[in-house]
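Going by the order they are written in, the chains are A, B and C; count residues from 1 in each one.
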Amino acid sequence: MIKLERTKIDRLSNIKRHLEAISEAVKQAICPDRITVEYPRERKKYPEQFRGYILFNKDLCISCYRCAHICPANAIKFEFYEKSYPSIDYSKCIFCHFCVESCPTGALRSTKIQDVAFNSIEDMDLKTTQIIKFPEIIRDEEKFTVEYAIENRNLRVLREKKLDDLEIKFLPPKVKKRKMECTDPESCIGCRMCVSICPNNALKVEKIEIKADNSVQTGFTIKLNPDLCTGCGLCVRQCPMRILTLVEVGE
Amino acid sequence: MLEEILEIFRSNMMDIPILKPIILKLEGVPVLNLIVSLIFWRPFFAVIIIPGLISLVLYLLYIVWFERKLTARVQWRVGPLEVSRPIRGAIQALADGLRYFFQEAIVHVDAHRPYFIQLPILAFIPVLLPILFIPAGAVVGIRTPYSVQLIVAFIALIPLTIIAIGWASNSRFAYIGSVREAFMYFGYEIPLIISVMAMILVYGTGDAYAIVKKQSILGIFLNPIAFLVYIVSMLMATSRLPFEIPEADQEIAFGPFVEYSGILFGLVMVIAYEKLYLMALLFVILFLGGWSGPVIPTLGDLLPPIWLFVKTVVVISILVIVRSIYARYRLDQALRIGWTSLLGASVLSLILGIIVGVWLG
Amino acid sequence: MDEYRVDVPVKPPQEFRSYFIPVPPEFVEDVYRSDDYLVLVGPQHPGSGHMRLIVRVKGDIIQEVLPDPGYVHRGVEKIAENRLYIQNIPLVERPSIMDAANFNLGYVRAIEDALDIEVPERAKYLRTILAELCRIGTHLYDAAILAVFMGHTTGFMYPFGIREIVCECLVRMTGARFTSSFIIPGGVRRDVDEKTLRYVYYATLAIANRLKSFERIFINNPTVIARLKDVGVLTRSEAIKFGLVGPFLRASGVEYDVRSVEPYEVYDELTWDIPVSDDGDGYARFLVRVNEINQSLSIIRQCITRIPDGRVISEQIIENGKEIRGNFFDVYSDLVLPPGEYTTVTEAARGLVLFSLISDGESNVPYRLRVVTPGWLYLRGFMESLKGERLADLQAIYGSFGYFPPEADR
């Protein structure tokens, strides 16, 4: 425990404090410790894990709906093109990047763009076609890139006369390939919800006959086409009997 | 009749050797010679050009920008920059003034309407009147041997207008601000008058010409205690930090000026700066040797006003740094300072003034 | 001086009958009959934060202050009942913006308490570094607000400039400047490499250096000392009676800090001190927080020199060889807590914050989330300390308490 002592307020220490304050102000007026970044003529350099504007790669998306499910602000909606793809509403997005971390294939990725500005609120509801390509940033006046560096126990502003590259190098996430597997085929009730939800039409449910104790019952069996299954997990979430799961395949 | 007017002007013209050929040539032209001799008539030059209205406006444009830039430099910032980038934003005050012209001046329902609108303009009267008496070399409006006393008397009238402005607003916070302004007025007025009296005793007269002539040693060194008392009174009188009590922005939402908007707001905001200009002019005359300085013969009569103006602007430019150093005192603490330490120091300066005055003359 | 009461029928002015004033009309008439004056320091005022204060003044002395909190109430606890457990993490760190890591930590510790998750050592050190960085940021922000309430604009700009260094450290560690949502059940979201930790280490030295300028121009300024000394004094017994928390309790002489009474993360393995003062006035409350900044800087330096290698996310959440990136949804989206009530207390920058999760055992959203923030806990002591002070001291005491309405109103 540190006990703080009472500050003395006699005349001499007051005069000393006055002089210290005035000398500090005069010193700053003569050579200031400025750390201003004169945006837009200078731009601050951000690290590689910066959470900026989100870009989308259509070829990697498996339409698993994980990003829309996890978004805390409900900012992701899915639009239907030849398959369904996400679109982001930037008037709701809080840049938490839960969606980027949920995507198993890395279709959503971050950039270093921090100046996300639009002309009106209706413009902020972006469509999928708009988040596929890199947005248009006007960088006519920008000349310097600024970095906050710590040297000799003091913060210094380093200016370099070049433009910062705003794209981040893409690293795919370490997720193994997965395929669907039915853990309890006898409980299948044949509702075929998995068949209708599968975006790649990889499932088929067929009636079979089960012979047990001198009676013939109707049962169902589920057949998977493993080349078409992308491991999106939509059927797992839809099955009302909860008998489907994802298992990892491959090495 | 025109000839009589021209004779009045020509009898008291300014004597500037470098412009003499142009003035002589323009005297021949019928209407233009009237205008030229009016401009260079000494009283007109003193009241309107330097140290009068035009230099007041130029000073206002400069000081608003300079104060913001200097404060920003101390605070690790840049300050106003964008209005015209090549000159680093120097015409920011002009842009602000233009904006106030286009803004709607709202007069709320509860206000006393005639006083509310007219008082900011009437507040200019005690501010502009003393300029008649401030001399600058041979250039003066009305020459009188009591110039210093008259200036102090007019400066004492300015707080009345501020209290009246707060009363006319008829609002809760304006009332508190007016009461605080009245209290602060009692706090600084007496030490200010006593320190000016001390300087008058040092020089033996209240005539500005005699004061400047007697300052072979500058007034600061003749009576340093009066110098300190005058500076602290200047901070108190113009509502500058650390004594920005009537216009406390955070506590009572700008005090007497809370209900003003538009061009009326622009007018009331400059009252404090004009009062600072007046008190700084008096400060330069009493303590810094007035208009004396190195002589350039070609400029003749134009030089003393320029020296006076330059010294005033330098003094104010150094004084505005106080805004970035101190916080705001409470009302009773400021009154305690005014009535104990400041009053005691001013009485000491009076005694010192008597001693130095006897030694000097 | 004697006061005589004259019973004349008095009518309060018209403005009190036409505006919405959240006090009963009998109170207003009583005020006017006893010759007091009502000042409304409203939610839209240059010096009141976002809270309405109804101040009853006699001359220049405050008789009593009625607070009217709730201007920024956003219904955090109700919204939390409709979101998944993992989606509540950005929600609970929004009330107190600069202090996000401490609130985040409290909520996540409640979930870990329910599910019995063991956090690896490296993750605990990283969480402590984040919490202490946010504590420094909040104390600097509160110092800046105190300065601007007293008219000292330089004292406002300097802490925000120093806070830029803190935000730069947070960006390099997590990717976002303050509300980073970096702490998740089981650890942290991603690992921090050696270069960034070196940067944070040297940044603490840079912060200490710039704090010296701040000290000379603001903390030792005679006008500031004159404004804050012996103003809003709360004695030790009064502080305990009115339920103060955090550094304001420590400034009145009580040595209580949740980090030493019920240690969490790695606070019991590090050496640090608790600053305590006996005065209980505004200046003591301010000085206690300045000393806590120095203690936090030393804690960060110790964490960086001692941090072990290893995993950053628990093995009960995700197995070896994998990281959270790509598996976030599969691991966290259907968390179901066992039935019961789970409570944690955490030392946020302004005091003690309490999180309580009630779960019914089968849904993947909380049944009830209860957040008690420090602002709400010391509001009563704040109002009591204003009695008997002058009207101009209202802003000084407000700044010395560091009351933050979005945190108190949730």
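One rule holds for everything that comes next: contacts are C-beta pairs under 8 Å (C-beta built on N, C-alpha and C of every residue); 3 or more make two chains touch, one makes a residue touch a chain.
Because the structure is a prediction, the values reported are computed rather than measured.
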{"item": "Chain whose averaged C-alpha position falls nearest the assembly-wide average", "value": "C"}
{"item": "Interface with more contacting C-beta pairs, comparing A-C to B-C", "value": "A-C"}
{"item": "Averaged-CA centre spacing for the pair subunit B and subunit A, given as whole angstrom", "value": "60"}
{"item": "Separation of subunit A from subunit C, taking each centre as the mean of its C-alpha atoms, in whole Å", "value": "28"}
{"item": "For subunit B paired with subunit C, centre-to-centre distance based on mean C-alpha positions, whole Å", "value": "47"}
{"item": "In subunit B, residues with contacts to at least two other chains", "value": "74-77, 324-326"}
{"item": "Interface hub residues of subunit C, defined as touching at least two other chains", "value": "154, 161, 217, 221, 226"}
{"item": "Junction residues of subunit A, two or more chains touched", "value": "21, 25, 28, 33, 35"}
{"item": "Touch list for subunit B against partner subunit A, complex", "value": "70, 73-78, 321, 324-326"}
{"item": "Contact footprint of subunit B on subunit C as seen in their complex", "value": "39-40, 45-47, 60, 147-155, 157-158, 161, 217-218, 221, 223-224, 226-227, 390-395"}
{"item": "Residues of subunit A defined as touching subunit B within the complex", "value": "21-22, 25-26, 28-29, 32-36, 38"}
{"item": "Parts of subunit C lying in touch with subunit A, wherever the complex brings them together", "value": "83-84, 86-91, 154, 161, 164-165, 168, 171-172, 174-176, 181, 189-190, 196, 199, 202-203, 205-206, 208-210, 213, 216-217, 220-222, 225-226, 229, 255, 273-279, 283-284, 287-288, 291, 321-330, 332-333"}
{"item": "Residues of subunit A touching subunit C in the complex", "value": "1-4, 6-7, 9, 14, 17-18, 20-21, 24-25, 28, 33, 35, 46-47, 49-51, 66, 69-73, 94-98, 100-106, 110, 148, 150, 153-155, 173-175, 233"}
